[in-house]
Structures are given as structure tokens and as C-alpha cells.
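Each of the two complexes below includes chain A, the first together with chain B, the second together with chain C.
This part shows the complex of A and B:
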């Protein structure tokens, strides 16, 4: 398999120009990639309560919560700079945006600590145990 | 919810949402940019995605957290692919180990740079440049020094002791995180428990063994189970005839089908030998090689796959 030799480079110098952006994980698949007026039609109608946020999206009530990236970790949105001509060519991505927290939305259930995305934030700590050096 | 709308495959994805260790993008360690590379996954023997950064000094694992029917809003854009990638530091020894095991069968001491070679995955030699690699080889191999040259030979005994320590570290972390490890816990129902005393030492050991088994071959996983003095469990799935069990993973991946299959452990285990053009373009959006997060929260996965 020749494509195993191709490498995707991350252009680190792009980080300094990357802007912090609000990031939302939506509980539905939206068949679109590209611009949308998120702040006007989504963020603007979001209501903030004590422990949860609520919003109506496509006629459904969503309940959401903001969670922070784990300590020592940064959220990055990587974007491909140009499409490669074949799967054997190296690819390059840049850091187009950064985030230190994200908002995830549930369809009906109020956000809680057993939500899978919340649990996923535990992964770096578990990985540290699995991959940290062992003593002799 | 009975009718499921047929979705078009998402082939135009050129953007990924990632949570990465700060060190990956540390401008202090510039010199060379970090890179996503494909290396041989020690558990599946297939290709998986990893990151080498800081001039190859540090290896990272790439894990996909993915739930069906999710998308992102990133700033003022929609990103259809709702996957979240985690890039976390990884012990390069897990990836080096299979090469040593393979050469160890000859029983000779060899220079490690002649051992860690792979025509299919040429990037594997870069693993030896990781800061921790050469310094930790003694955990899995006997060392011999002749003049200024070092030679290594795989040692199962050392490896088992090393892996046991890995399991023990993992068990401590599981207890600290209050992660439920009981019998009924499956990937999707992974929950936090309030009282850790509900679970016995064996449950934790098994769970830890399951997590470590994601990084080693089936043979080593079984040997480690014996080393930990845990009896093999016979789950109902294991007693099924092999032909019946294999069916699922042998099913060809169809292009029009749910593309998330590219990311399932089954796919990673048995990539189709020949792909159609459509499948190739799907594969190119980088569904291959990233193991799903759910496999991490289900230590039984390994046992069930057999």
C-alpha cells in the first residue's frame, strides 16, 4: 500500500494567526461543509441557565453544556491547504482556528457527567497512565 | 425514528477538529513541523495514524472520538464530520516491540536499527529517534555492548514485567478517575461510579489488561493475561463457531454505505485488499487508521473479536 508512505504535515507557524472561535458539537448530522450564519441564528437564540444552555434548532429543543479542553491540551481546527493530486503525495494542513472550550448539545437529555464527550475528556489522563514511562 | 434517511457520503471533508497536547504545536521546538504518519498498529497489524513532532523526539497517538449523527459548528461554518480527534503522547516502545518480537525468533543479538525496518511502513525507522526509544529498550530486550555498538535481543520475560507495570499504572489511573470497570460495562454505557469499592481488584486488572491489549499483539495479550494470573474468560461470543463470527468483519465496505465503518475496529483489522475508486476517495478523507475512542472504554473488545 503506497499511501502508507504519504505524510500529512502540520504547518505550526499558522498557529499564531489562528483565531479563537466558538465551537459547538451538534447532536445531528448537517449535510453541509461551509459557511453558515451560526452567530445570528444559533448563538443569538441560546439561553444561559445555571447548569445548562438551551436553544431551539430546527424545531428541536437542545440542552447543552460548555466543557473545557483537558489541562495541557488545546483545541485545533486543522484545514487542508491544497488538495493533493494523488494519495501518494504528501499533504499539508494548517491550524485554521483554535479553541480552549467547546459546547456540546444533547437532543433531550440534560447534560451530565456521563455524557460520552465529557468522558472522552478523561482520555488524555488515561493515555498518560498507559504511555507514561515505567520505573525499572 | 423508524425511517432512516439515506445520507450521501461525506467525501469533501478537508477539515478536522482536534484536541492536541500543547507540545505538538509548541513553537519552541520548531525545526521541523509535526506530521501525521502511518505506522503499523501493533494490535491490528494494519495501518494506523500517529503524529511525530519535535523533530521526531515525541510520538503521539491519534484517537477518534466519534458518535453517529453529529456535526460541528466552527465559528461561522458548518463542518459535517462530527468527529473529535485526540492527539496524546504515546510510548514508542509499543510500536517497536513487534519488530523485536519478530527478529527475536532468530535468537540473535542485533543492532536495533536493522530490526525496526518495514517496507510497508518506511516511517517506522523514525521511531528510533524518539527520545524515549533507545533509553527504554531494556524493558523489552537484553542488551549487549561491543565497543561503542549496542545489540539487542527480545526478551519475553522482560516484556511481561514491563507490560505488567503498564497494567498496574493503568489500574491506578482507573481508580483515580472513578471509571466503572464492572462486568456489564460496554463501550456505550461507560459510566462513572461513585464508590470504587464496588469493584474488585480482578475487575480493575482485567480492564487495565484490556486497555494495554490495544497496543500489543493477540499472542502477547494472552501471555500477559497468564502473567497477571488471570484466567481466560469464555464469553458467549467466543464459543460461537469461527465462521459465524468472522462474517461481520469480512463484509466488504461499500462506498454508499455508512462511511463511519472506515473507522470501526473491524475495518482497521481487515482492510479490504482492493478498493474501488469511490472507496479510495472515501479512504482518503482519513477515516482509516484512527482507532475509535469507544474501543478504549470497552476492554472486552479484544476478547470479543476472536
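This part shows the complex of A and C:
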């Protein structure tokens, strides 16, 4: 891993124009970056009963649930405005969409409180406890 | 036959059944088992049982039921009509395995193969007949796999019932022919009127027989391939025809239980390739051991982002 001196800027002003979008966290790696017919194929076939969602992707059964972003946080989808010519150049990304909840999916296993992404949401509280100001 | 209950949700398995004739609850009965749509890459597989009192086997024979494969679609519909008219002594039940059920079972983490799925479905149907009070004495089964083992399995599962498993049983025993007609009629109707739950707009229904070697089926599979999602739930993803097409025309998807190997996979999974142990930097000095991430973070797959 190379450490370089380039800086990545987030164009914060773009937040106000960004639209809220549904976000899915998939239990697989899809070698694709770009648009996909999510609502036609995925949302249209998702079943929702008793807090557990089911769907299948590429013939495999998925079980999922919705999870909210930690209080006070907003999820951002970032998009690079123009690709840099070299890794020394600074980069600029804009906020293309925002989300305050996402649906994460497990392969066959029902969602539970031990799932990585659920646990990950502990961090902001933990960070606050570690790094926050100490009150006497 | 009302396929409405299946059409209400064609992503799951569904049972359809006739009324149980009263006479089947008091007289010794025989039961036939057959399936329709094992081979096709499209649509459901339908398992069927048909049963009647032993005393009525001749009457059933006179309905001239024959192996459904030798009949045209119209002939099958007519024969099903006749079976329906004989509902005073003939009963049937069907288990529809949706293509989605087939895909997700066969592609499960712990693979559930088509034979096991078929056997369990057949057993489930026989159990249904028994639970409904049908006095079963004889079972005849059509099979594609090895008959002996299957016969043993069923005999053990249903002690006291005489089980005969035979290849081509559908042309040997009228009660099996009857089961095959019920199953085939059901599959035909479902495939004909498949209701796509995906939002695909107007779908061309000229998909042919659904068998992988049918040119119409092949053309349809090419036309309705999505680069990301692959196919609709009408397609059996576990069929090699579908997989081959996705491998060549759709984007690659990797799962944590994929059985892939080789240099590229190792790299993708962040594993060290065997070869790296022989290279100059063997021992992996590139990571500072003093900076080992705490397991609070690794357990949550959290890491600090240094670059995009």
C-alpha cells in the first residue's frame, strides 16, 4: 500500500442537492460499478414479513433487514467528479446521494444483532466515549 | 385445477390438491407418483400423486390415461378433464417447486441437490395422502435415478406399504400415468401464464419448451439476460445453461463460499498466494506489527480510509 500526499476533497455544498436513495448492502462482491435495474429486479421481488426481508440474487437466497444510521449521522454516496491523472493529484468527490437507513443482506442466515454491520454502528458511541471531551 | 394459490406467490413452493374421495378413506388404495419439468431451465418442477381404490384400477385404465409425454397438450387437458369427472374415486395432489425454490435449494451453502429435493417432495406428498386418511397399500413411482435405492428409501419411510419404483412407470401403471397427467397439465398452465414479479414490462412469452436445447428457449435466455441480476425468477439459476450464459454475458459475482481457486481468487480474497512465500519480502514485513488493528474494529470490518 503506497502512502501518497494527495488530498481528497468532499464538495460539501453538494449535500443539499443530493437525493435520498434506498441503499442495499450485499453479501457478495459484484464486479460492477454503475447503474443497475434495482427496482425492476430486486425491490420488485423482495418480500417483507415480520421485520425480515427475503429476496434472491443470482439464484441465492438472501435474508435482510433495515438498519438506521447512528443518530446524528447521515450516509453519503460519493462520486468522483473527474478521475485524476496520477495518484499525486488531489481528488474531488461530490455527494451524489444521501441515506439515513440501509438494508443489509445475509446469505441465507437470518439477520441478527451479531451481524458485522449492526455491530459497526457501535463505533460512533464508542468514539464519543473515547475521544469526546471529559466532563468533571 | 386452480393454480391461483401458486400464482399468488410464484417464488415459493405450493401444494394443490383435489378433494379426497370418501371411498379412498375406507378402501385399500394404490397411489402413483410422477413429476413434470425436471429438465427445463425455465419454470417450475411439478410433483404429482394420484390415488384410487385398488378395486377401481380397471375403471382408471378404461379412462385410457397414458404416459403424459406421448400425449399432446390438448389430449392431456382432455384426460385431466376425465380424471376430474372421476373425482368420486380418483384423488390427486401436486407439489409445485418454483424455479426460485429450485435455484436457492441447489445453490444453498449446504447444497440440496435435485434428487434429494425430488425425493423429499415425493415423500411429503405421500405423507399428505396418509394424513388425509387415504388407505394406502401400494405405491408406484416413476424415477429417473437408480430405482433400487429409491425404492428402499420409500419402503423404509412408509412401512406396511408396498412400494414399486420403476423407470418408465408412467407407461406401465395407469395410476402413475394419471399422476403424470396432473403434473404435466399443471406445469403447462403455469409456464403458459407465468406472471413475472419483476418489473420487465411486456415480456415475450415465446420461450419454447423451456428445455436448454430448444433454440427458442436459448434465444429467450439471451434476450432476457440482465448484466447485474442475471435473470428473472422464472429461470433456474442452478442450470448450467443459465450459468454459462451469465458467465459470458453478465458481470462476475463472488460469494464468500465460492469454490474458486488460483492466483486471481487468492488476490481478490486478500489471501497470500503460495508463491509469495518464496519472494524476497517473505515474512510480510510490510505491515507494522505495532499497528495491529484492535479486534473491536476487525470484528466490525471497520478500517480507517486512507484512499478512495
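Rule of thumb we're sticking to: the second predicted complex is superposed on the first by the 130 of 136 C-alpha atoms of A that agree within 3 Å, B and C clash if a C-alpha of one lies under 4 Å from a C-alpha of the other, contacts with A are read in each partner's own complex, and residues count from 1 in each chain.
The rule is short, and it goes like this: contacts are C-beta pairs under 8 Å (C-beta built on N, C-alpha and C of every residue); 3 or more make two chains touch, one makes a residue touch a chain.
Small disclaimer: the values here were computed from a predicted structure and weren't measured.
Applying the stated contact rule after C-alpha superposition, one finds that A:45 touches chain C and leaves chain B untouched.
When the two structures are aligned on the shared chain, A:37 is found in touch with chain B and with chain C.
Contacts of A:88 after superposition on the shared chain: neither chain B nor chain C is touched. Of the two partner chains, chain B is the only one that A:75 touches; chain C does not reach it. Once chain A of one complex is fitted onto chain A of the other, the partner contacts of A:57 are limited to chain C, with no touch recorded for chain B.
When both complexes are overlaid on chain A, the residue A:130 reaches chain B alone and has no touch with chain C. Touched residues of chain A, counted separately for chain B and chain C, are more numerous for B. In the superposition on chain A, A:16 makes contact with chain B only, while chain C stays out of contact range.
Of the residues of chain A, those at positions 1, 3-4, 8, 27-32, 36-37, 39, 42, 78, 80, 93, 116-117, 119-120, 122-123, 126 touch chain B in one of the two structures and chain C in the other. Within the complex formed with chain B, the residues of chain A that make contact are 1, 3-13, 15-16, 19, 21-39, 42, 69-70, 72-80, 83, 87, 93, 95-97, 113-114, 116-117, 119-120, 122-136. Of all residues in chain A, those touching chain C in their complex are 1, 3-4, 8, 27-32, 36-37, 39-42, 44-45, 47, 56-61, 78, 80, 91, 93, 107-108, 116-117, 119-120, 122-123, 126.
Interface residues of chain B, counted against chain A in their complex, comprise 7-8, 10, 12-22, 24-25, 27, 30, 33-38, 47, 51, 61, 63, 65, 67, 69-82, 84, 86, 88-91, 94, 120-123, 132, 136, 138-139, 162, 165-166, 169-170, 172-174, 177, 179, 188, 190-192, 211-212, 215, 280, 283-284, 286, 293, 296-297.
Contact residues on chain C toward chain A in their complex (touch as defined above): 11, 100, 103-104, 106-109, 197-200, 226-230, 232-233, 236-238, 242, 246, 251-257, 268, 286, 296, 299-302, 306-308.
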